[in-house]
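Note that the chains are named A, B, C, D, E and F in the order they appear, and that numbering of residues resets to 1 at the start of each chain.
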């Protein structure tokens, strides 16, 4: 039930963002504000059935949103810039030492696992290949293998802590 | 004006390469991939010719759903 | 004031040229996953090029097509990936 | 033998037609304007009260085309459903 | 069999966004590029997204396929009846445009200025065609997805599935 | 301001170019995915940010609402790209490994060890 309400509100907000700056009532015209309600109801009915299983309710905490914005703009962006300089060096020199290693993440929710996997795909030298469905361990393609059985901090820094703090 | 000419030029080259590969590749899955690339380039070409309606239709039907239906058909004949 | 149409046009043309290079990988690639990588890269380039051309033409509503394409190319990639991993 | 000759003749015919058409090709990206085009561009927005001229042509001036298109889609769905109906039972 | 956990989570995250975007394209069909056919295809691709990330059992558990048939037939019926309403002049006559009532305002020139109350019979026809295209393409995808299970990949599976 | 927009465009084009070169320099699927995904996503962020900045600046100067629409829709397309691009790369990598394409010059492959192929 809660997921239906959340998806309906999200859909209404998304519709308003799509039709921004269209008229007289502030940024929106009155007909857009009215038509958005049935659109949001339909999308909530369709999307709420699957949303609640994968997105935990603890994400409704506003402190996590602030943390998320900080995470995206500061640590994540710096890691991404480093990743691209790293890729540039490897493209120019052609020096690789690849391998697929397994890291224990210790995360429980699938949302935080997704957060971690997408983060480490976009950050230096790592690409998430597969995921163990039971134990939530990630198989990571590491472009510069230093250790056959590494600790998580060795591969992806402090991203597991960020994932636990933000998305769990 | 000159730049726009080169945009058309390279988009059409991608289009022709995609069509050629879609016909002449032996692997059927690779053929479907080439067809998807061709459809994408066709959508970009409609976009450059200022026909956004056709571009949306081509992006939705040609690139998204036609690939899906071809994959189902390949799954039916079991040849890859 | 800001007359940047030429810059945007130039950037769009360069993105299309990189898309041409990505199709080259899609044509050469020895295995099928290589070709899918080429297609995925081409998708990203074309979405970026559509956004940039929307600014170059000063035709605002054209950017909608970029959103449609960013969402739907994901569907096509997932279908090909699921067929490749023998899941379908 | 006849089949091979037919293949070559059809191929040559197609190639000659394509090259002939290529010599007559119109400049790229500059369509000719006919009377119908200028009528639509000048009057469609006033008559149908819609900004998108393409939609007003598809659903108003050329509505029968859209009806046929919808019927074709309906027929295709009926065909697919008739073929795969038995799968649902299993 | 389903795809990996990451793909499923991202699908659950963007599923409603695809539906809202398709409805946006349908509703703004007479103001911005797009229309019933394009918007219906976008909404139908949300069905494709669900089918490819999850499985057919999950689809059948969460949504009814009778709903898709209803959408298809209802859309076509709505389209033809809207066309019939204008038969006082001709079939497909746009009788509400510029009449002042619902959907009857004249439109000012401009890009996406949010005047949804214009267009005469065009918005209802857009919605009808969008409903029909959504139902039709979703049904085709769904039945072909079921049919793809008919022939299994290798020899042992085919022995199991022979019945 | 136009200088910043041009700078963003140049940075974005440079990283996109890097992605296109990475497709040709690397030996197998996984390393190509590394180059392609990272470089093209980063480059697309910069080119889209140039468009967003251009739209908001024009909106502030001229007051026409259509430039605001341009910026907002560019942000939405960017968010869609950021969500779907790494997920697509993950799906391709998983499919490649399951369809039997092994990483070249690999020193360790735990995933193949789990499936008994190593």
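The rule is short, and it goes like this: a contact is a pair of C-beta atoms (placed from the backbone, for glycine too) under 8 Å apart; a residue touches a chain by one contact, two chains touch by 3 or more.
Since we're looking at a predicted model, the values are computed, not measured.
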*Which chain has the mean of its C-alpha atoms lying nearest to the mean of all protein C-alpha atoms shown?*
C
*Which chain's centre, taken as the mean of its Cα atoms, is farthest from the centre of subunit F?*
D
_Using Cα averages as centroids, what's the distance between subunit B and subunit D in whole Å?_
17
*Can you check how far apart subunit B and subunit F are, centre to centre, with Cα atoms defining each centre and the answer in Å?*
21
*Can you check how far apart subunit A and subunit B are, centre to centre, with Cα atoms defining each centre and the answer in Å?*
30
*asked:* Taking the mean of the CA coordinates per chain, how far is subunit C from subunit D in Å?
replied: 26
*Send over the residues of subunit C in touch with two or more other chains.*
32, 36, 38, 50, 60-62, 64-65, 67-68, 71-75, 78-82, 84, 86, 88
*What are the residues of subunit E that contact at least two other chains?*
3-4, 6-7, 10, 13-14, 17, 21, 25, 32-35, 37, 42, 45, 48, 52, 111-112, 137, 140, 144, 147-148, 150, 153
*asked:* I need the residues of subunit D touching at least two other chains; which ones are they?
replied: 52, 54-55
_Touch list for subunit A against partner subunit E, complex_ = 7, 10-11, 14-15, 18-19, 22-23, 28-29, 31-32, 35, 39-40, 42-44, 46-51, 53-55, 110-111, 113-114, 117-118, 128, 130-131, 133
*What residues of subunit C sit close enough to touch subunit E in their complex?*
60-62, 64-65, 67-68, 71-72, 74-75, 78-79, 81-82, 86-88
*Within the complex, which stretch of subunit E touches subunit D?*
29-37, 65, 72, 75-76, 79-80, 83, 91-92, 94, 97-98, 104-107, 109-111, 118-122, 125-126, 129, 132-133, 135-137, 139-140, 143-144, 146-147, 149-150
_Which residues of subunit F touch subunit C once you look at their complex with the stated criterion?_
1-2, 5-6, 9, 12-13, 16-17, 19-20, 23-24, 29, 32-33, 36-37, 40-41, 43-44, 47-48, 50-51, 54-55, 57-58, 61, 66-67, 69-70, 73-74, 76-78, 80-81, 84-85, 87-89, 91-92, 94-96, 98-99, 101
_Show me the residue ranges of subunit D that touch subunit E in the complex, using the header's touch definition._
45-52, 54-56, 58-60, 63-64, 66-67, 69-71, 73-74, 76-77, 80-81, 83-84, 87-88
